[in-house]
């Protein structure tokens, strides 16, 4: 949010040529990592993110185990080379906060009470980052959890909306995130109208906020279909070898 | 201990106007923190220090528990803004050493054998520092322990004495500590003539050492009365709401 | 491996006057540390290294214990003043890797299955470093383990060979290590023809590699005799007080 | 033994829900009542700005320190803001010393976002020599007693400390920067206030106590600036909100923030 | 529950040895067969060089980043190479986040030695201003799926990423160094390849799977340069090798490395 | 199994007290006898100064290293002293590797205070270029065998290493500081010695062994300079001293320090 870079041109096209309510190219793959109990990979614009799910499994250290439900743990990490200036390998405060909100975005969808005294671990590795990594991570993590056979109330689907040159736009890319006037990541269980992640940064009037939320729901609907498709094709392709990244 | 700043004037007054054997203004409050099992607050000169006691309570990790007595743990920490140049939030070696000597100053007064297999935690947060924080912390911690109902042989009372412009003075302030020739923190169980903390820094002849110790005992006597008064007024004021800091 | 410093003169003498296949002065002492269950000290050229063995003893944390054998743990550390530029007190990646390869060099010699559920700790402190510290540490650690009464298949004996001015030489010193063309630390159980450590750095043709290995075996033979002698003299001197370092 | 529970007893959880059904709360408040707020500023002489906030029995202290430093490479024309919240064990048996936990970090980052997005501090006015020396503004927060809603208490304390903070004047002569004894207010451009809601079953309350936090399913914090614009949002907890709830709370929060904003101290720079 | 064993069942260990007696392996390979290698370079736009390596089911990613910095005091005329491998928990239930463990460090250091000893990068050509500014070359490696022989996979990935990495050109004007948009290949002088053997009982196999690693007594990694010279060796594991074995593996490794080296990408600088 | 007890058996504690009643100690010493001290200096060539101290069976090594650095902002006209003691697991089963524990830190800080208060090193003579470059003097201490009274052994080792340490001469030409091969003694202005007492029941002994430390209630360390002035004190342990005891020990310590000081090496600078 620094300078007056022009992000939307006269014809209403964004800096990467998209319309205001247009998603970036999106691709999911499910079951790409052999060791994990479930896994998924997402490319959304320039984002490339791998997710592995391990569990339900034993909890170490044991005193963290819950007698009535599984313990959900999430780690969101960025590869050092995923951004322009090499990121330090030690996790920063941003990665720790995002790990927390991702966990709280996924948790409402999971029937954790089915697996008391176990842990379900979700490991997210951002290999290349281009804005909206937390949302892309959530959409991919939901697939990895489904792939691991964890029973869910619904998938969780996420997208960031934002304010750019005064307009509400869908699925911010890195430049829009950096130079725009606002960023609002949203995650939902789409068929339950349940918002499981909501953050915002920037300035939004109440009206803009409502508009942004509507746009997010629209984008989430589209992504949700792609997620379901990816799950279906996983089971069609079940016998193939994956080398997708 | 750096330059030749004049710290005592011709009339025998110190840089803040005090006589050689005069304490700084002193105020105690007991029971200020609602969650703690016991708490106290001290203002001594420019020092502002809050102390909370939690316990006797379960010990984690368990193998640290002692079969025959309570485990006393103390943490002395300085807020980043308590000093002129912002202190790093990570505890330094000074804070770790002071935590140890404070623990060993309080321990002789506590009947720890009454609470085997438990822990008593004393948390000390220096909000503003003006010399003699370890002594002020001890005097306040003794009140917090009493407030928590921990049985004690006596209160513990502490004050620093020191050598300034060649004279032995009571209750050093920050400037006297920094530019004086010696600093000697002393803690006692006053009615038992028992020295529970004794440190020194600077240079003292044996004669000066004796004189300093005598002066410390004198100051401790005065502070001890204030501590007892604070405990009494706590029980008088027991129904008021405290908003003292 | 940086400049073209001449390391071997016309008469075939090395920078410290040695012949190509000549070891540096070597001295072992056994049983020098009173608290340890076994200990040894080595001086090899400018290396001065103390080793203590504690164990077999209880394992903490307990879950690391192995039901069928002792757990061997090794820590190789350099004193801050052991090298020209003060080393940071925190262990670096080099020390961690060397601790690992030393453990794997010693392990094949130890009858760990005799002490299930225990730990054997080998602590190595490099007080002065002059090239080849990992090898000297292994030779000394084998003695310390024998001194602790741990049953062994054979001693372990180590030496570095290397390539200097194009020649294969024995027992590199610090300058040869730094400015030579190759360094190859080797550890063996000498009477079993068993190589338990093998590393290399630099460039060696297959022929040079074979030649270096032969030279290492030769040097190891000599050191092995010195180790056995040190063990014998330990038992002769068993009643003396050691003040050897 | 300690008076703080880590888990809420089922019976109390039932009581809380039964009361909410009638529009009541354990401490007598209505669902959309904020607790009493008391703010004392200028309490720490060694800090360039400070505030103690009592929000019911929740107590938090904020201190502002300034440090001269080289600017971040990607913003040579801007000072820097660094917010750091510590939930110290003095405040609750739930907390431990050690590296910052995710709760500490979440509070730090939400407070940071609220201050940053609202442009409460004009960071560009904190440049001393362009590209070379700028002021770093450190806001350090310590929880002193935790009875719920630490986030709003921290935001109130941080903002109050900043609104009343002073920075030393400087004089530049050639390559040398002299820090003068004279001080001036730090440049203030806006304000920020956060309102936190807790969803308990199907009910939503504002400014939850610790007991209500134990009983809650999800949390929503919305920060507003003085124009009533949303400048930061953070959903927390393992439950969810419907989109209708979220929009409704956006409005309710705005109303509450307008009342609360009057409790903030007047900026020194006004 | 998880499909990965931490310890190999005795029965499988026996099967592995019984097969080896007949010169066979569980996955159908002969003892001296390397698994299929697939290398994809240029997969990460944000990196100056990158490669994903699939070695059977073992998958590793390498990224190269460049940073301008002051040279190390003891090598003012040289850039620097920093290799960092992380065995992240995504790749195997054996791994955990946290400070690098000895396995991570061993891989980092052996890969570093192979690259450094072979002079794969010409570090002296990475000086920008002698004694003042040089390029630091960071090679970061992440295990994505661990099915044995991570070391060779990491070496392949690191080398492939370096061979195809580009660095920005710079223009120096007085004291100022300008980083241009135009890029050029980093200076490459050699190549390096590592071959890892596992000794299981009296048998030795190349490129062990994870199951074979569980069954192995000792490990020997030999790195070669493109001239067939040995540039690094690392013995691992709690067993040993005879000197005859070691010399024999030195030769066998050379043969295998000659086949494997052809899989590496052509250096951009050629 | 290990020969070191973490807790003293009751029977041995009784023996110790029974002996003390008769003015005797387990190892035959009288209460105010210090153990034999043996100091070897110059033992480490890579250090600028070094000493090994054997105090009975307690063994400690000290090494002094110098480093050129910018002065601390609050003391531009002064070098710096940094003391660091490590109780490494080589020395006792009580010790573990890891970040410094409170015992390590207490020893470091008391040794530091004794050296600093006595002005043993003249730090102001360690300035190379005022306000820009000074010598940092690092004194690193390692316990090699712990049989009680590590503090006095560390003080003896630190002081002995400093008294015999040399620093390189420097030549300044314009902005450039050249470090010459020629060395000179570091500037010494005083000496420091510490005497530690242990209180066991109502008895006090000097220079406690490890067994006596296990049995002791409290500890008092007094440091003296060569003029017999007290330059540092540290009380430790969970017991107390009366004020009469403290004054008495102040005198007794002075006597003992006068004998012990003769064991220190002659400063090179004399």
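Per-chain numbering from 1; labels A, B, C, D, E and F assigned in written order.
Convention: contacts are C-beta pairs under 8 Å (C-beta built on N, C-alpha and C of every residue); 3 or more make two chains touch, one makes a residue touch a chain.
Computed from a predicted structure; not experimentally measured.
**Q** From chain C, which chain is the farthest off, judged by mean CA positions?
**A** Here the answer is chain D, farthest from chain C.
**Q** Which chain maximises the distance between its CA centroid and that of chain A?
**A** F
**Q** Roughly how many whole angstrom separate the Cα centroids of chain B and chain E?
**A** 57
**Q** Report, in whole Å, the distance between the mean C-alpha point of chain A and the mean C-alpha point of chain E.
**A** Their C-alpha centroids are separated by 31 Å.
**Q** Taking each chain's centre as the mean position of its Cα atoms, how many Å separate chain B from chain F?
**A** Taking the average C-alpha coordinate of chain B and of chain F, the gap between them is 27 Å.
**Q** Hunt down the residues of chain F that sit against at least two other chains at once, touch-wise.
**A** none
**Q** Provide the list of chain C residues touching at least two other chains, using ranges where the numbers run on.
**A** Not one residue of chain C touches more than one other chain, so the list is empty.
**Q** Assign the assembly's chain-to-chain touch graph to one of these shapes: line, ring, star, complete, other.
**A** It is a ring, because the chains touch in a row that closes back on itself.
**Q** What is the order of the chains around the ring when you begin with chain B and head toward chain F?
**A** B, F, C, E, A, D
**Q** For the complex, give me every residue of chain F touching chain C.
**A** 1-4, 38, 43-47, 50, 52, 54, 57, 59, 61, 63-65, 67, 84, 86, 88-93, 97, 138, 140, 142, 144-147
**Q** Going by the contact rule at the top, pick out the chain A residues touching chain D in the complex.
**A** Answer in residue numbers: 2, 93-94, 96-97, 99-101, 104, 107-108, 182, 184, 189, 192-206, 209-210, 213, 217.
**Q** Can you name the residues of chain A that touch chain E in the complex?
**A** So the residues of chain A touching chain E come out as 33-37, 46, 48, 50-52, 54-57, 75, 77, 79-86, 89, 91, 121, 123, 125, 127-129, 243, 245.
**Q** For chain E, which residues are in contact with chain C within the complex?
**A** So the residues of chain E touching chain C come out as 75, 100, 102, 105-106, 108-109, 113, 117-118, 218, 220, 225, 228-243, 246-247, 250-251, 254.
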